[in-house]
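Each of the next two complexes has chain A plus one other chain: chain B in the first, chain C in the second.
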Partner chain A sequence: MKYRNRIIPILLVILGSCIDPLDVNIDREVNVLIVEGAITTQPGPHFVKLTRSAKYGSIFDGYVRPIAGANVAIRDSEGKVVLLREVADSPGVYATSADFKAVVGKSYTLLISTLQGLEYTSLPEKVIQAPQSLALSVEYKKTQVTEKEFRSGLDVLATFDDNPEAQNYYMWKNNGTYKIKTYPEDYIGRNSEGDPVPQPKDCCEFCWLEEINGDPTIRLLSDNNVNGNRVTDVAAFIEDDAVRFYEKYLIRIEQHTLTREAYQFFNLLKEQLSINGDIFDPPPATLRGNMINLTNPDENVIGYFRVSDVVIDSLYLTKEMMAEPRPLRRINNDCRVYKNATTIKPSYW
Partner chain B sequence: MKKTLLTLPLLLIVILTARAQQRIVVGTPTADFNIHNVYGKVVSKKDRSTLPGVNVFIKSLNKGVSTDEDGNFIIRLKKGDYTLSVTFIGYKETIVPIRVVGDGRLLIKLEEDLTQLEEVVVTGQEPDANVRSTDIGRASLTIESIKELPPFLGEVDILKTITLLPGVATVGEASSGFNVRGGGVDQNLILLGGAPLYNPTHLFGLYSAFNSELVDNLSLYKGGIPPKYGGRSASILDISYKDGSLTNWSGRVTAGTVSSKISADGPIIKDKLSLSVGGRVSYINYLLNMVKDPSVANSAAFFFDGNVIATYKINDNNKIKYSFYQSGDEFRLASDTAYAWQNQGHVLSWKHSFSDNLTMDLSLVRSKYDFAILNKSKINSFSLRSGILDDGANLDFDWEINDNNDLSFGIQTKLLRINPGILEPGDANSPVNPKTLEAEKGHESAVYLQHEIELGKNLAVSYGLRFNLFRYLGPKTVSEYEEYLPLSNETRVSDTFYGSNELVKQFSGFEPRASLRWAFNSSTSFKLGYNRMYQYIQVISNTTTIAPTDIWKLSDSYLDPQIVDQFSVGIFKNFSDNGWETSIEGYYKNIYNVIEYKDGARLLLNDNLETELLSGRGQAYGAELFIKKKYGRLTGWLSYTYSRSLRLVDGAYPITRVNNGDWYPANYDKPHIGTVVTNYKINPLVSFSAIFTYSTGRPVTYPSAKFSYEATDIAYFDNRNQNRAPDYHRLDLSLTFAFPAKKKILQGEWVVAVYNVYGRKNAYSVFFDDVQGFPPQAFQLAVLGVPFPSLSYTVKF
Partner chain C sequence: MNNKLGRLFFIQIVLLALVLQSGCIPDSKVQNVVITEDVLYISGEKVRLTGRVIEATGAVDDHGFYISTDADFTSPITISLGPKANGLGRFIGEYDQLDINTGYYYKSFANIKGQEVTGQIKEFASLKPSLDIFFPQEGFAGTAITIVGSNFTLDTKVFVGDTEVILESLENESVITVRVPQIVNSAEEPIRVQVQDTIMIFQSPFAYYFGKWEKEAIFFDNRQIYENMFAFDNGQLIFGMGSDGQGNFNTQIWGLDLTTYTWSDLSFPGNLPMWSPFSSNGYWGSGVESRSFGGTVLSPYFWRYAGGVFEQKPFLNFRLYQSVALHLNGDLYVFGGKNADETDNFTIHRYQEFLNVWDIAGAAPVVLSNAYPYFAYNNKAYFLLPEGDIWQFDPAEGWTIVAAFPGNVEMGGIADVLNDKVYIGLFENSSLVWEWDINNDNWVKKAMFPGSIRDITIAHFTYNNKIYVFRSKFSGGQYEIDPRMELWSLDPQALK
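Let's turn to the complex of A and B:
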C-alpha cells in the first residue's frame, strides 16, 4: 500500500514549481562499515559483502572501498560455525560453500573480524517459513508520461496465502532471461578518420540475456492489514523496453520472508530511495541495521544480515499479454556486446 | 482622555461644514503666550457618526494627529492662523482654516466621497494602544489593511499576511499554517469566529481555508497571552467575523483567476436580525483539464468554503449570534490516490450585559475536522478515514470595575474525540482487512481569572492565572512495556483495558500569565511578559506541512502534555502623534515534551503509537523589530526578526536519539527574516502595493557519506538539520483600480498582481537523489519558481 504520492507533477504545471540541481559543498565525511549479506534456504553459495562508506560527492570524489582480508563466519542457533571464504577477484565479497543453506526455524548470527582487529556481530536472525502457495499472474500496465510518451510493461503479481498465525513480512526479488535478435551484418563502425563506415560482423544475431533484478525496485509487503488472507501484490514490473519481448521473457520471482526488524530496515532504505522532492517527503533518516561493534556498541554500522526462507515461481511473459506492445528496436550489432549475453540456448528454453 | 475632555470647561464650540471657507476662531482670547489645546471632533456629515482614525494635518508645521475611537483629537498650537487638512478614506478632503486665540473646541463634518470604493478603516483601537496597553507580543490587523496588500496567488489571504508580521515564519509556499516564535504549526490555536480550525488551508497550504470577505479583524497573540486563551502552546490567532448590517443589504462578488467568491449581508428583521453569508469555490479542475499533460489532466484539485452568520439583537443588553463554517478539499492525482479533508464549525453565543460594566459571553462551540485517503488501485484498494470532533462550552465574564481596573474571568470546557483511523477495503476484491483504531477521548477544562489595573500614570499590570485539567477517558487499551528498555512491540508485556468513560490518565496544571507596562511618557513604554501554556493535543507528522496523513494525538499515559514557558520584553515608541509605531521585542522560550518519532517510524494505523515516538525538549529565542507607518498616502511596515528554534532528543539508546543526542535546529528554524510591506495611494482611485520578504533558508540535512547497497549509491545521514537551503526572498506587487460610476452596480475594483515578480526559485526542500547508475546529486524543489500573475474583479452591490 502506498500512502504517499507525488504531489509535485501537478504543481509543476499549474504553479511553475521546478526541481533544479543544486551545488552543495559537503565537507564532513564519516567512515562507516557497510554489511550487505543474506543467507536463504536455497542452495549456496551465499554472499556477504563488506565495504566502507565514502565521501558524498561526484562519482570520482569518493570511492567505496571493499574490506578485504576479514574473517567472516556464520554461527547457527545450535552453535555450529561455518567460515566464509573471500571470493577470488572480488575483494570484500565473502561466500559460503555451495552446499550451505539456511534451515527454517533456526537462528543465524554473522561474525566479522577485520584485519584491524575490529569485531562485529549481528543480532541473531531467525528463518521464518514462507507460504508454499506462490502463484504468478500478469497485468498490462501503461502510464502516460507526457501526451505522446508512455511507459508500459507487465506487472508481475504474486498471489499467496498469508499465515494467519504470525506477523509476516515479505520481500520479492526478480531475475529474468530473454532472447534478443540483432543485425550484426548492418554494423556501422568508424574508420581511422572517425567517420562512420559499414563494417558488417559475422556473428551473432541471437543471444539469451540474463538479468538480475531487472526491476531494481525494493518490493516489500507487511501483512499488517491483510493478515491471513489470500494476498496479491506486485512483485515486479518488467518494462517493455522494445528489446525484451522479441520472443518471450522468463521471469523468476523469489519470495523471501523477512523478520520484522529486517522489514523495517529495508522499508527505511526504500523510503530514503523514494525521496524525490515531494512536499510529503520524510526527512532523511539514519539507517541502522542489525550489526554491532562489540567493543564500541555506539558505532553505527549500516547493513542488514538477512536470513530468509525462499519460494520461487517462474512464468513466461509474452508480447500477447500486452495490449499495446512496442515495435522492436533494431540493433545493428553483435548481440554478444550485451552484458551477460550468451549464444548458448538455455536447457529450459 | 475621555474623562479629561469632560472635565474641561467648554469654552467655545464652532460648527463647521465642509463648504465653509471663512477662518474659524478657536478659543476665547487670552493675554498669555502659552500653547493652547484645540479639542476637535470629526463626524460624518451624513449620519453624524463619529469618525475614528481621521488624519488632521497642518502643512505649515508639518504636524498631524489622528482622531481616536470617538472621533476626537487634540492639537496643541500657539496663537495664530493655521490651515487644517482633514482627510479620511471614503470622504472628501476638507480644508479648515482656523485662528487659535485660546483653548477651544472644534467640530468638523466630513462629506462622503461617493466615487470612493474603499471601505472605511476602523481600527477600533486607540491609536496609541500599542504603547498604552499591557499587551506584549500582540499584533492586530483589520481586514481592510490586509486587502490593501498584494494578493497571494490571486486571493486576499489572511494566513499569508500573518506570515509577514514579526515573529511569524513559514516554511514555504506549500506549507499549511505558520510558525510563531519557534513553535510548530500545530502549536497555533486558530479560532475562526470562536471555533478552533484544525486545518487552516486549502490545497496543502496554498490558500487560507476561509473567505476573507466575512472577516472583520484578527488578533495574533505571540506572547503575554491572556488567561482567557489556552490549549495551544505557541500562539493564538483570534479571527472575528463581521456582523451583518441591521439596516441595509449589500454584497460583493469577486471573480479571480483561481477562484471566485461572493458575500452578502443585511437585515432579515430590520434593527433586530441580520444575516451574513459568503461562499468561495475554486475552478482549478477546469484549468487542469486544459493542460495536455495526461498526469495533470487526470488529476483533480477542488476546494470550497462557505459561511453563514446570523446575529439577533434582542435588545441593547442581549445579543445572540450563530455562525456556521464549512470547508472542503479534494485532491486527486493521476495515480489512484485521492486526499480529501473538511472543516466544519458551529458557534452559538449569547452576549449579555448586566450593566454598563459587567458583560457575559456564553458560547457553545462544535468543530469538526475529517480527512480521508482514498486509494482506487485495482488490486489493493482501500479507504482510510480519520477525524476530530471538538465540542466546547465557554462562559466568559468581563467586569470593568472602573476606567483603570478591569477583571475578566470564566470557565471553559471541551470534549475532544479523535478517530485515529478506520481502514476499509475499497471494493469486494480488495484483500485489505478492515481495521479500526481505538478512538481517543479527552476532556479538557479550565478556569481563569485576569486582573488588569493601571497604577498611576506610568505603571499598568495585567496578571492572571489559568488552571487546566485534562482527563483522558476510556474505552482504551493501554499497553505496558518492560522496564529499562525502549518501548517496542517486542518489549510489550501486557495490556490493560479501561471501560467507557473510565479515567485513564489525568493531567492538570497552573498557567500563570502576567504582563507589565511602564510608560516613560505618552509615546514610550517598556513592557515585560510571562506566560505558561499547556497543550494536550499534538500533531505527529513526518512532514512540515499539515497534511491528511498527519496524526492528531491526545496526551495519554505515554505522551505528556507539551508545556511552554515564555518570557518576553519589549520597548514601544510612537512618533508623530502615533503616525509611526515602533517596537523592539525579545523573547525566550522553554518547550517541554516535544514529540519526535523514530527513524522509519510506522505512524499510520499503529495501535501502539508510543513505540514509535520520542520525547524531547525545545528552546526558542529571538528578537523582533517593527516599524509601522499608519496614516497618509504611504502606509506599511518594516519588520526584522531574529529567531532560533532548537530541539534536543537524547534518549538512552541510539534509536531513541535524534542527531546523536545533541541540540539541532527544528525543521522550521529560520534565524533571519526581514519584511517590507508598503501601500501607496496614487490617488483616491488607484493604489499600488508591494511586499518584499527575505529569510534564511530552512534547515536541511546533508549526507555525511555515501555507500553502495543493492547496487545503488545511497546517501548516508547521521545528523539532522545541520545545513541550510539557499536563502528565501520574494517580491510581490499589485495595483488596485477602482472605477467610479454613477450607478452603484457598475462600480468595480480591479486588482492586478504578480506574485514572485522576479521569479526567484526559492527552495522548498533540498534532497539528494540516489539513482542507480548516476553519481549522487543534490536537487532543490521550488514550489512557485516563476512569476505568478493574477487578476480579480470585484463588484459591490
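Let's turn to the complex of A and C:
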C-alpha cells in the first residue's frame, strides 16, 4: 500500500512531463481573406470576389466585408498580365474584360495587392483540356424523404470520353431556363384592415426564369477508377418542384476541368458542407486553398483561384421524361414577382 | 514476502512508466528537413520561390534558396531570408536580377544549429520578353504611348526611331508608358524595345501628326471684320464687307499681296452693306443690307473682282444670307442660307458666266449654311453637316453621303483642297485640322494650330502648297493685348 502511495505521484510527474500545452491563438484565424474566383476558356468577363471575415467574436461575427480598391491581376505562364477592374456597385468584385478567356495548356496566377499593402498570390493553376465529347441524357429519380413525402426530378447525366493519357478531374455546373404560368387575375391582396380581398392584376401570366445552379450541389469526378473510359455521371439533379415543368426546362451543363489540387480542395469543401452532425460525418478540416500571403506564407487564406477548360451542352427537359410528374402548383400572382423573371421570350425558346 | 512482492511491483511500475515516457522523448533520429517547393512567379528577371522547413532540431538561423545556372551550384545566387522566427513552415524567396530566357536550378536551404540542410533541386526557366501592341499608333510629338507586352525588365530601353525615350512607368513588367519625342527625320518612326540583350520592334511604326504652322502677316490696324466676303486672286487675298464686330456694317474691301506682304484698301465702289454674303473665286453677292425692327433687308447686289478690277453684275433674282457658293464645271452654284424671313433656303441657284444668267439647279435635301465647312473637288460640292455627315453634290448625279467626319463638328471651321487632300477643321475653340485623303477615305490629324483658338477664321485659301487662314479676334478684339487680325499658313507636309 505504501508503494502504491508513492507510485501515483511518480507516474503523474513522469507522464505529465510529456504533455505539450495547446497553443491556441484565436487571432490567427480571424480576419481571414476569402478568395472566390475562376477563369475559364469561355469568353469573359470572369470574376474574382475578395472578402474578409470580420473579427471573431465581435458584433460583426459572421459578417464578411468586401475588399474594395485592391489591385487584382491575372498573369499567365508566358508573363502576360491582365488587370481586373472592380465592378461598379459591387465592391470587392473584380472582373476581367469581356474578351479575356483562358487558354488550354497555360498556367495562370492570381495576384492581389490590397490597399493595406498586403500581397497575395495563388499557386499557378494550369488549364487542363476538357474532353470534347460531352453528351447529356436524363434519368427519372424519385426519393422517399419521409413516409408521406418524396422528392422527384431528373438526373442529368453527362457522358464523355475521358482522356487516357492524364489523370483528370471534373466539376459540373448547371444553369437553366424555364417558362412558368401564373394567374394574376386571381391575385388576393389585403385591404387596409389586413383582410384578404381579390385584387386582380392585369399582368402577367407567362414568364421565363433563368436560374444559375438550380442544383447547387458540388458535382465532382475523379477519373481514378475510370481513366480512359467512356464515363457517365450525374451532372445535375433538376427537381420537379411543381413549377419548373409547365412547358419544358432548358438545362445547360458546363463541364469544367480541374487540377488535382483544385479537385482536392472542392472535394474537401463538399465533405465539409455535407456535415450534418451524425457520427458518420467526416471530421472538420481546415480548408486551405491555393492562395498565399507573400509576407506571411502561413496565413490561412480561404478560397481557391480555379482555372478550367469548359465544354457546354444543353438539353430540353420535359415532364414526359418523368414517370410521375407532379401536378403544377397554381400561383395566383403576376409571374414577374419571381426572381430573374422576364416576360420577354428568349430567342432560343 | 509481501515486501519483496511490493518492491518488485514498484520496480515494474517505474519501468513501465519509463517505457511510456520514452514515447514522449523527442526521437533522436529527428533531423533537420527542408524541402524545395514550387515557383510561384517567374518572369524575365524575377522569380518567386517557395520552400518549407519540415523538421528542425533547433532555431533556424538562416533559410532561403540557392539559384544557379548549373546543377552543381558552383557559384550560386543566394536568397538569404535570415532567421525563421516561427521555425517550421513555408517560406518565400524572391530574386529579380535573372537573365531573361535562361534555365536555372534552385534549391531551398536552412541553417539549423550550425548545420545547413538543403531541399531537393528543381528547375525553372526565366521567360523571354515579347511585344503585343502599342497605342495610340499615331499622334503628335509628346504623345504618351502605352506599350503592352510581357517580361519587361527594369532596365528595359525604348527607342522611337533612333531616339531613346524615358520610361515614364513600367507596370506589372508588361505595360510601359513613354512619350514620343519631337520629329527628327521622318513622319513615321519604328518603336523598338530592348530588354537586356533582346531587341524587339513593332511591325507598325508610330505615325506622327505633322505639318508646320507659321504666322505670315498681321493686319495693319486694330479693325476686325466678320461674316465677310473673301477671295484669293492672282497672289492676292481680298476680304471685306460683313461687319466690324461692334454692331457696324463694313463696306470696305482690303487686299493683301502675298508676294510682298503689303496691305491695301482696294477702294471698293459699292457703298451698301453685304453682311454674310456668298462668295467664291472672286464672286460675291447678296447678304444682309440692313436690319431693323421692321425686318431684314437683303442685298440684291452681285459683284466680281478679277485682275484688280471690281465688276458689278446684274442684280440677283434671289436674296439670301449665310449661303454657300462654289464653282463647279465653271459655273457658280449657291446653296442653302436663309431667306429674309429667316427660313432656310433649299433651292440651288446656278450662275452661268458665259450666258450671264441665273437658273435653278435643283434643291438641297439638307439645311446648308456657310457656318460649316464646304469645298469643291473634281467639280463636285461637299458639305460637312453639324452631325458629322459629309454630303456630296454632283451636278449630274445629285446628293449622296460620302463620308463621316471623325471628329466633333462645330461652327466656323475650314475646308480646303490641296494636292488631292482636304484639310478640314479649325472650328471655333479648336486647334485641330484633319487631313482627309478623299480618294482613300483616310483621315489623319495635322499639327495643332499654335495661335489663339478663340480667334475666328474669316478667310481661307491655298497657295504655294500651303493652307492659309486669316483670323479675326474674338469679340471685336476688345480683350486682346494685340487685337490685329492674323494670317497664318499651314504647310501640311513639313515635318517640323
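The working rule: the second predicted complex is superposed on the first by the 311 of 349 C-alpha atoms of A that agree within 3 Å, B and C clash if a C-alpha of one lies under 4 Å from a C-alpha of the other, contacts with A are read in each partner's own complex, and residues count from 1 in each chain.
To be clear about the criterion, contacts are C-beta pairs under 8 Å (C-beta built on N, C-alpha and C of every residue); 3 or more make two chains touch, one makes a residue touch a chain.
Predicted model, so just to flag it, every value in this text is computed and none were measured.
Asker: Considering only touches as defined above, state whether A:Glu271 meets chain B (first), chain C (second), both or neither.
Answerer: Only chain B is touched by A:Glu271; chain C is not.
Asker: Between chain B (first) and chain C (second), which, if any, makes contact with A:Asp298: first, second, both or neither?
Answerer: Both partners, chain B and chain C.
Asker: Taking the superposition on A as described, I'd like to know which of chain B and chain C A:Arg190 touches: first, second, both or neither.
Answerer: neither
Asker: So, A:Leu123: does it touch chain B (first), chain C (second), both, or neither?
Answerer: second
Asker: With both complexes superposed on chain A, which partner does A:Thr232 reach: first (chain B), second (chain C), both or neither?
Answerer: So A:Thr232 only meets chain B here.
Asker: Which partner chains sit in contact with A:Pro216 here, chain B, chain C, both or neither? Use first/second/both/neither.
Answerer: A:Pro216 sits against chain B, while chain C stays out of touch.
Asker: For the overlaid complexes, name the partner, chain B or chain C, with more touching residues on chain A.
Answerer: B
Asker: First (chain B), second (chain C), both or neither: which does A:Asn31 touch?
Answerer: Only chain B is touched by A:Asn31; chain C is not.
Asker: Do any residues of chain A touch both chain B and chain C, and if so, which are they?
Answerer: Chain A residues touching both partners: 2-3, 6-7, 10-11, 14-15, 17-18, 298.
Asker: Could you list, by residue number, the parts of chain A that touch chain B in their complex?
Answerer: Those residues of chain A that touch chain B are 1-11, 13-24, 26, 28-32, 34, 36, 51, 53-59, 62, 64, 139, 144-147, 157, 213, 216, 218, 224-234, 260, 264-265, 267-269, 271-273, 275-277, 279-288, 298, 300, 302-303.
Asker: Looking at the complex, which residues from chain C come into contact with chain A?
Answerer: 6-7, 9-10, 13-14, 17-18, 20-21, 23-25, 38-44, 48, 50, 86, 89-92, 127, 129-130, 132, 150-151, 172-175
Asker: Going by the contact rule set out above, which residues of chain A touch chain C in the complex?
Answerer: Residue positions touching the partner: 2-3, 6-7, 10-11, 14-15, 17-18, 73, 75, 78-81, 83, 109, 121, 123-124, 292, 294, 297-298.
Asker: Spell out the residues on chain B that touch chain A in their complex, using ranges where they run on.
Answerer: Residue positions touching the partner: 153, 173-174, 204, 206, 284, 287-288, 291-296, 299, 301, 331, 333-335, 337, 373, 375, 378-380, 382, 384, 423, 431-433, 435, 489, 542-543, 545, 547, 549, 599-600, 604-605, 654-655, 667, 701-718, 720-721, 723, 726, 761, 763-770, 772, 775-786, 788.
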